[in-house]
Amino acid sequence: MINRLKIIKKVRETPTVFSLYFHWDAEVLPGQFVMVWVPGYSEVPMTVASREGEKCITVKVYGKTTERLGNMGEGEFLYLRGPYGKPFSSSRGKKLLIGGGSGMASLRSLIDEDSTGIIASKTSDEILFEKDFKPGMAICVTEDGSRGMKGLAPDAINNLDLTQFDTIYVCGPEMMMKAIFDMLRGKELNVEFSFERSMKCGIGLCDSCSVDGFQVCRDGPTFHIKEVENMAEFGKTRLASSGKRIYMK
Amino acid sequence: MIDLRTKAGGIELDTPLILASGILDENGYTMRRILEAGAAAVVTKSIGVDERNGYTSPVVFEGENYIINAMGLPNPGIEEYGGEIKIAEEAGKPVIGSIFAADAPTFLKLAGEMVDYGVSAIELNLSCPHVKGFGTEVGSDPTLVKDIVETLKASIDIPIWSKLSPNVTDIVEIGSAASESDALVLINTVRAMAIDINARMPVLTNVYGGLSGNAIKPVGLRLVYEIKKELDCNIIGVGGIGNASDAIEYIMAGASAVQIGTALWRKGRGIFDEINQGISGFMKDSGIGSIGEMIGVAVQ
Amino acid sequence: MIDLRTKAGGIELDTPLILASGILDENGYTMRRILEAGAAAVVTKSIGVDERNGYTSPVVFEGENYIINAMGLPNPGIEEYGGEIKIAEEAGKPVIGSIFAADAPTFLKLAGEMVDYGVSAIELNLSCPHVKGFGTEVGSDPTLVKDIVETLKASIDIPIWSKLSPNVTDIVEIGSAASESDALVLINTVRAMAIDINARMPVLTNVYGGLSGNAIKPVGLRLVYEIKKELDCNIIGVGGIGNASDAIEYIMAGASAVQIGTALWRKGRGIFDEINQGISGFMKDSGIGSIGEMIGVAVQ
Amino acid sequence: MINRLKIIKKVRETPTVFSLYFHWDAEVLPGQFVMVWVPGYSEVPMTVASREGEKCITVKVYGKTTERLGNMGEGEFLYLRGPYGKPFSSSRGKKLLIGGGSGMASLRSLIDEDSTGIIASKTSDEILFEKDFKPGMAICVTEDGSRGMKGLAPDAINNLDLTQFDTIYVCGPEMMMKAIFDMLRGKELNVEFSFERSMKCGIGLCDSCSVDGFQVCRDGPTFHIKEVENMAEFGKTRLASSGKRIYMK
């Protein structure tokens, strides 16, 4: 079943990131996603956040389909199916949210009074959701140093006492998550990752999103650090659209 | 202990449940995990000579009790695929190599490479309903089917399975043409489509796709029964199997083993154990000692 | 007020909803009641020359979202059937006479009698999947189909509809053969069966039957779309229509009207009003003024 | 879905009528029926009664299929689908049950402290369920006079003050029901009939059971006398198995 939902509000978050708000009576838990069909273009996975009583997707423009989504306005319609995937196992307590690139979009539902954010991006332009955190609770990191710390997300972690957090949530490019994973593994911390592998079916049939035999669309996208520890493919290899094995660098 | 072993298409299986081609079998790690979860064997994604990305999304449409897919035969090409098979084979169970091509020489080349990769049998995809020049377009021509099957049987030493399409007027004609195969695999998906009335257009980018899941079970069962009755050959049943009863129905209609695909959508990997247990329970309650005692018993 | 009128297969209809052949149309009083309940027209049970009792029960198998039937074309023979048509015609709406035979002369004789009974159009059953010598056996032979359609078109003055089967390799070939018809009616049931694992036998006495209902909608839709795209003729859609969206999908795929059968099982006679209202609501919300504006819009 | 249910008890009610008891967790209301499949024979409609905490069908042997059912014993299996049909609209209050032939089987669920029965049959052998009524509450009528009154069911009605009953229930051969209908129509009585037309599908598709455009399997088998009043076919014509119209005599 494909849902057709009217865009009731559009917010420009950065020059390339837009939030599209809509009414939808489905129950969506933090970490779950939908497959958004843009007729005539393609279908892409997007995390859904519940914001201000409405649902919302936050789209970072990368290619043709996300560009079309970014150009959509109030009154236009979203076509989507879902929600899919395993939500984060907990969303309460003292939280550290580490988001790189559009990854922060997947964590947005979790932002509350108790959350600290590490928001990583290339430049200051692309810093996402800083204002959604309590003042002083968002740490920005940019590759060019144009905002906050200069560096990458892992660099920001070094300065924090991680044991103060009930849960640490991480979402971003796989190589960034891998770097963070390598820092945090074996530390008895409660860490949940949200994976972003390319998806075709979204429902556990096509194998295009799989990591170590787990379907990110079904067994994930959220995985606990304990599950990630045994993954031979994580941060190392993935399949291209054809199924050809590609080695990440 | 109930004995679930069966011999199907020339290979020995611990249980009658095989993973169907095209579902969770592009990545070697996934196949390995499915074998560990209780599948007796896996059939790989259908592999051709050249790398193909498949169609642009949407490639699946989700109905209430069915899926329509038009993946478009994405595959890395036979040269690249060996590594995945190696990983899958670590589970120590049979891996069956599915291949697609347009003519006998190409099928033969692909089969040869699959043999080198160590697969236990070859499954010929003569039935994909949504890619021009392959699948059903090949598999609905009895002369071509006969040529392909006989060419492969003459040179390949491992069992050859022919996977046939329900989208034909006369399955017995096609089945006869393929009757030298070690097994006929019935059925591939039923040609179908979905339209979204709000978007006023077909949902799948390719327009046409293949219907699978619960909705096609009565059709698959009929084709298995018809082939068993008319040709009495070795059959592997597939199409809409989602629980133990479905599997047993196929076996009673004449299948020596069955394949499971779309049911993984609703039930996940656990389905293999669930169905194995269901079959054992039924056999125990009914005083049936082996899978063999059930094969084809419903055929009149 | 939304205008639901449509012209389909050479006749004018108040709404696009027609009762499908074989469902609640043996008895004239039943047809009359269905017309009063909101059907724009009814197609009669398929009538042959001689009286037939049909098969011994079980003649239907009930799945969760489908029916498999093998009624066996019960009918009183054309001579006896005129009385039922007269009763149905009291509703003042079109009655379409469905007929089955094995060759053109017999079809012609039956059609002639139907004309005498005052029907508004003739529907040729070229597609019943479970009676030897009739239906699909006739309808899968393009030469025979062409002969039948052309013979009838040459001598019968009312519109001729050809009801085709999904159980063929190439629907476009059959559709072309029948292209002189005033409408192609797509689809009849999909050949299928059911087995009871406890009884260890097929449930239907005839073994094989026809699958209908929700499960076949994606198949029917595909055939309508394919024929519309390749032949662009007048089409009446049927197969698994159970709500307004289903009906609109068929219309957008190219159907000028649709028939409803199995859905009466879950929803009863009220379904005609329900779907009519649903279509009106959709048209209003979407700013569509007439059925004609929707016909075939999804075809790319 | 076809249910397979073990026969846990068999009771011989008359030389040609047998009750078969079974466990079944479906909810079945008085007046509803099932389609009983006898593999290798045929499939026939049978009313289900709830008796002594179990379900039960009471089969009168007419032809091959009912004969096979009558020969079945404890431990054998019934195959059936359903329940189908519209139940009686009420089953409380002071009741008069009028059953002819196997028709009394369809009324069995209704028999209680408050019911009076008119049990009609050809001979004394075939009187059904007399003992299920309170002593003195069952009036027997036989065609040959071998038990109770000599005559037909309608004859027994003449002696009763019908206004004392909250509801009158009638089941039996259609010509018997027609005779009773003709006696009771226009009398402001609350009468429900249970029709027995031959059935093929049992689910409202095949038209073989229809009366005046109503499907006995779906709109019935129970009909209120007000509905019956407008029926042109009732007691007059029916369709044979082929669909050929037959005039009843």
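For clarity, chains are labelled A, B, C and D in written order, and residue numbers in each chain start from 1.
Heads up, the rule we're going with is that contacts are C-beta pairs under 8 Å (C-beta built on N, C-alpha and C of every residue); 3 or more make two chains touch, one makes a residue touch a chain.
In this text, all values refer to a predicted model and were calculated from it rather than measured experimentally.
Asks: Any chance you could name the chains that touch chain C and chain D both?
Replies: Output, common partners of chain C and chain D: nil, no chain qualifies.
Asks: Just curious, how far off is chain D from chain A if you go by their C-alpha centres, in Å?
Replies: 65
Asks: Averaged over CA atoms, how far is the centre of chain A from the centre of chain C? Could you give it in whole Å?
Replies: So the centroids are 50 Å from each other.
Asks: Nearest whole angstrom, what separates the Cα centre of chain A from the Cα centre of chain B?
Replies: 36
Asks: Where in chain A do residues touch two or more other chains at once?
Replies: Chain A, residues with two or more chain partners: not present.
Asks: Where does chain B touch two or more other chains at once, residue-wise?
Replies: 63-64, 198, 201
Asks: Make each chain a node and each touching pair an edge, then name the shape: line, ring, star, complete, other.
Replies: Chain contacts: open path, no cycle.
Asks: Applying that definition of touch, give me each pair of chains that meets it.
Replies: Applying the touch rule to all chain pairs gives A-B, B-C, C-D.
Asks: Could you list, by residue number, the parts of chain C that touch chain D in their complex?
Replies: Against chain D, chain C makes touches at 23-27, 29-34, 45, 51-54, 56-64, 67, 69, 71, 74-77, 80-81, 83-84, 196, 198-199, 201, 203, 205, 261-262, 264-265, 268.
Asks: Mind listing the chain B positions that touch chain C in their complex?
Replies: Those residues of chain B that touch chain C are 63-66, 68, 140, 167-169, 190-195, 197-198, 200-202, 207-208, 211, 214-216, 218-219, 221-222, 225-226, 245, 248-249, 252-253, 282, 286, 297-298, 300.
Asks: For chain A, which residues are in contact with chain B within the complex?
Replies: It is residues 1-2, 4, 35, 37, 39-40, 42-44, 77, 79, 81, 200-208, 210-215, 218, 232-233, 239-245 of chain A that touch chain B.
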